[in-house]
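Notes for the one structure printed next.
Per-chain residue numbering starts at 1, and chain names A, B, C, D and E are given in the order in which the chains are listed.
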């Protein structure tokens, strides 16, 4: 039989790799369906065939829980991520986030690529972090909000935007960018990827979630740059 | 193309199926709608026209979401269809067809309508004077003379169905083998940097399929023009 | 058989027409822009009648008050002024189009003879786009006929055809009229055609009926002297086979028709153009003109041009119009009551009797 | 002035035509589908010539070898068989369209008289869709004229007009020919028109030139006896004003023309239909026919129908065709060498000399 | 509509501007392209045709990405334009116009081409015989007779420009006041659970603008049809 996983697009590539080995090991097929977290949550609400839901942020898992779509108590934070400031690889810049003048100065009248705060979790975290560092007012007019983090990364890699704020995982995977600075963990809410069983999850789903917590999965996630979720 | 994953091949086949079926369903529906809009006179025609054009004006995601609300298994119409006819669109490839049809409807309807309105009404009069009723006149005169528009509609509809993404992924998600079309596969691949190559390759394949359809339609059009001279 | 009453405005053009037609050919005649084609479209039902009445064979087609039988239910064939062929169909399919919608029992008109007479047999597989103007017109004529309509409307069906071809097609129209008894409303600018085919002529001018009557009556007073004609009635005599002539016996004398026309004793009408008649004060001899009719001058109109049209009462009472110069009138002292002989060049008569 | 040589296949139709035209009107005559319109399209440059040669006024328009002056550079006006009016423009704008592209100095033809003669002044603000067939044709004619072309191609320009209207428009075409010296290629099925206008007639049959020559020569041997004509040359005599007649003095006698035609002494050509000629063995008297010409029978063809066309050599040497019944030939014993008098109904002559 | 944020109003105004300018630019460009495709004969025409249709076949994001690569400041063409003419599209509303034009091009071109191909070539011949060269014939005969198609193209283009989202946000981002159009605003709103209300409201507004444009185009079309009869 099958385990059907509705996963936020950003987790999907790693998840797919794990699914492949899981099938080889356990003989159970895992069907990974990637899309935006919001779309997935609403699809589950509309009766989509999902056993497991992995969201890229808390709010959509909360939404799913509030709508009674999930098995009560089944959800927990599977992964965490860090938030980093990136620049194009060849662009030799250094920014000290503690220095309030540094970021605006480096930015000049160029753009800062971030995820669109309302739709992309990374964007929301970025705004929050900038606010807490007191940088928001200065750089907000220079934002270039992107529809997803991959596009934001490309903007930086292509030199269209001077800097970008993305997840550590994205920065690690994209050879065209280099990490300039990492936002302190305290500057934003913990970045977490909650996972849970849907209300009518099949029997194999819990096993797969258990597997995701195991060492094989952990190796894949770590290689992709994910970190342990803050408790 | 050795570096294309089997999943990608499945997506290509699926896209092809979805686009073909969407075109086959979309063109007749559009022809009827185009005829109604071109010739009909009824109150609320403007609104009806507007409704057909809506998917063009709204972001595809919104259309997809509207489809989910209407045609999802718990949706207004979807629940009805499910209970009475056992028809389910949500999260099936047929749903992808529905999304593609809805999204391409304004384009197809417009092309066909344009052609219908270009038909010389004096020929339709001549048909009537020869004893052909409205139906016969439509099928024997109006429709064949609108063939250029129908062909264009079919081509655009097919192309649009290949490229449709936003409404599809929102309505029927991105389930491998069931609703993952080329467009969704490109999206999926582009989510990781290693996927860039695959995304590009898939884009090229989509472009090639589109180009083939286009060339085929041009050949049909030319053949048709030659046949009538 | 057909009753037409139309009172309607088309843009700036006011059409006020009222006429009826019997079983034969009713000709609509009149200058360009006088409303002929518009009348045709009303009868066919292609323009909606808002005020008036169209009745065909006792069936009310439109009464201007909401009753409007749609064109496809009228079984009225129309030969349009422009050919209006279906461009996406071969000539053959164009021709057979109407047949599809004609009940089997009413398909009176056979395909073969029509196609042969129209000379379009070699075009059947062609598409209309490449046909010549006259070819298109002939196909369009054939298409209307093959629908076996119960009333036929023809809008200048022979306008772009050469004279020999016209003469070939006219008998076909006569056959429709006589053998198939299809009433016809016929628009034409050619007086010859109208006179030959029509039993009634309706002359339109600026949307009004200017004159109605038999061809003789109407063209007798026609404005243009080339249009003035007379009709003489008589009975066919025994043909003169060696010389290919047939006599028509009339009280005023023998009218010689070209060709062998039968049967003996048939009542026929013979048509004479006023310009084909000369008058002599005594019976001429040694002249190639063979038809000489006796009569007396009935009326010599005053006139100021070079010609006048004299009305001659032939022996037996029928009238003959003769267009002669005023100079000749003066020289021969032609005046009412004077005995004259009308010389009619037999070769100028039509090939077939009317 | 114009040299045409075309060897080309159109679908199944092979066109092989070779003729030239002088400054006047060259008529293209022939049955429906004989290739007249196709020739027009080649001359205008609307069909590309692959083999042959089109020369207008010493300028090679197309030589079948790559030289192909595009239509818009030819300054050749075309009156199409179908009106082809621009549906999105008013009649006025249609009429003035060609003028936009005519160099100022070459706008020879004034708008007013053309519009008046065509009787389309009241239509200027209308759109073509609502015009009657004849109105469309007249506008199309006017549109071509007002471009002041250096060569005019007319494809049945008067086909759907009534006789009086035609008689009004013919002088306009004559004026183009005479006053503006525009050469014209004229397609028509109406022998009257052709004879009246053309100095040269090219008869097409199935895509080949069957006969070429002056109207007289061509129609003298025409297949259809209604088309046979003769031309007699003479000199205008002093008009008879009270009777509105003008004598044309010829060696064989006086031909009386209707109307007052001047100036005295002008050389004119007079046209006679063979069917309008009767023959007499002695000079008739007491007959309204005023034109009596003396001559001798030159040839009496054998024949089996009712009529034959006799060739009469008039005194002075010109020839006159007379269509008479074989019965009359036998009765009067007409044979070559016999002295005859040709009776020509003067009223059947054309209004104006050619 | 009191609950609409000032940002939303700005997005509406911007969308209007982008759609209007995109229509004004897209229609002439499309007309030329349609003419080339309808009448031209040159090698590679099929490929050229295919290129124009590409935005229909590919997911919008891919098109947006391709635009970024080509017209971005560091892009192939973009860098050239920037250096020599100082023209920058990236992150500007003009870039949104470019995205809208590119995305709607296949639709507009097709509509206009359909109308051009329906023009009776015999009228163009008549124009030529009256002395009008190809240009004059095009502007005085072909173009006016293709007006129905041009109008349909303009309407579809305007609607599409209003609804365009994927390519726009990828190419020029989603900067409030500069590149955030209604479509982006709707999408953004729809991506958070609380945004439903705003998304719906904005959708209704977009639908109304689209409907208004549609009704306007129908009125113009009717007026035009009446003018020529």
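Everything that follows uses one rule, which is that contacts are C-beta pairs under 8 Å (C-beta built on N, C-alpha and C of every residue); 3 or more make two chains touch, one makes a residue touch a chain.
Note that the structure is a prediction, hence the values are computed from the model and not measured.
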Inset, instruction - Starting at chain B, figure out the least number of steps needed to reach chain D through touching chains. - result: 2
Inset, instruction - Moving only from a chain to one it touches, give the least number of moves from chain A to chain C. - result: 2
Inset, instruction - Sort the other chains by how far their Cα centres are from that of chain E and give me the top one. - result: C
Inset, instruction - Provide the C-alpha centroid distance between chain C and chain D, rounded to the nearest whole angstrom. - result: 26
Legend entry - Separation of chain D from chain E, taking each centre as the mean of its C-alpha atoms, in whole Å: 57
Inset, instruction - Please report how many Å separate the Cα centroid of chain A from that of chain B, as a whole number. - result: 34
Inset, instruction - Provide the list of chain E residues touching at least two other chains, using ranges where the numbers run on. - result: 61, 166, 187, 190
Inset, instruction - Name the residues of chain D that each touch 2 or more other chains. - result: 82, 130
Inset, instruction - Would you mind listing the residues of chain A that make contact with two or more other chains? - result: none
Legend entry - Listing of all chain pairs that touch each other, if any do: A-B, A-E, B-C, B-E, C-D, D-E
Legend entry - Partner chain A, residues of chain B touching it in the complex: 61, 65, 68-69, 72-75, 90-91, 169-170, 173-177, 180, 187-188, 190-195
Legend entry - List of chain D residues in touch with chain C within their complex: 10-11, 30-33, 36-38, 81-82, 126, 130-135, 138, 155-156, 159-165, 167, 189, 191, 223-227, 240, 243-245, 256, 258-259, 275-276, 278-282, 284, 286-290, 304-307, 322-330, 332, 334, 343, 345-348
Inset, instruction - Would you tell me which residues of chain A are touching chain E in their complex? - result: 36, 38, 41, 59-60, 63, 111, 113, 116, 118-120, 143-147, 151, 154-155, 158-160
Legend entry - Footprint of chain E on chain B - complex, ascending: 46-47, 49-50, 53-62, 65, 106-107, 110-111, 113-115, 117-118, 148-149, 152, 155-156, 159-160, 162-163, 165-166, 183, 186-187, 190, 199, 203, 206-207, 209-211, 214-215, 218
Legend entry - Residues of chain E touching chain D in the complex: 122-123, 125-134, 136-137, 140-141, 144-145, 147, 227-229
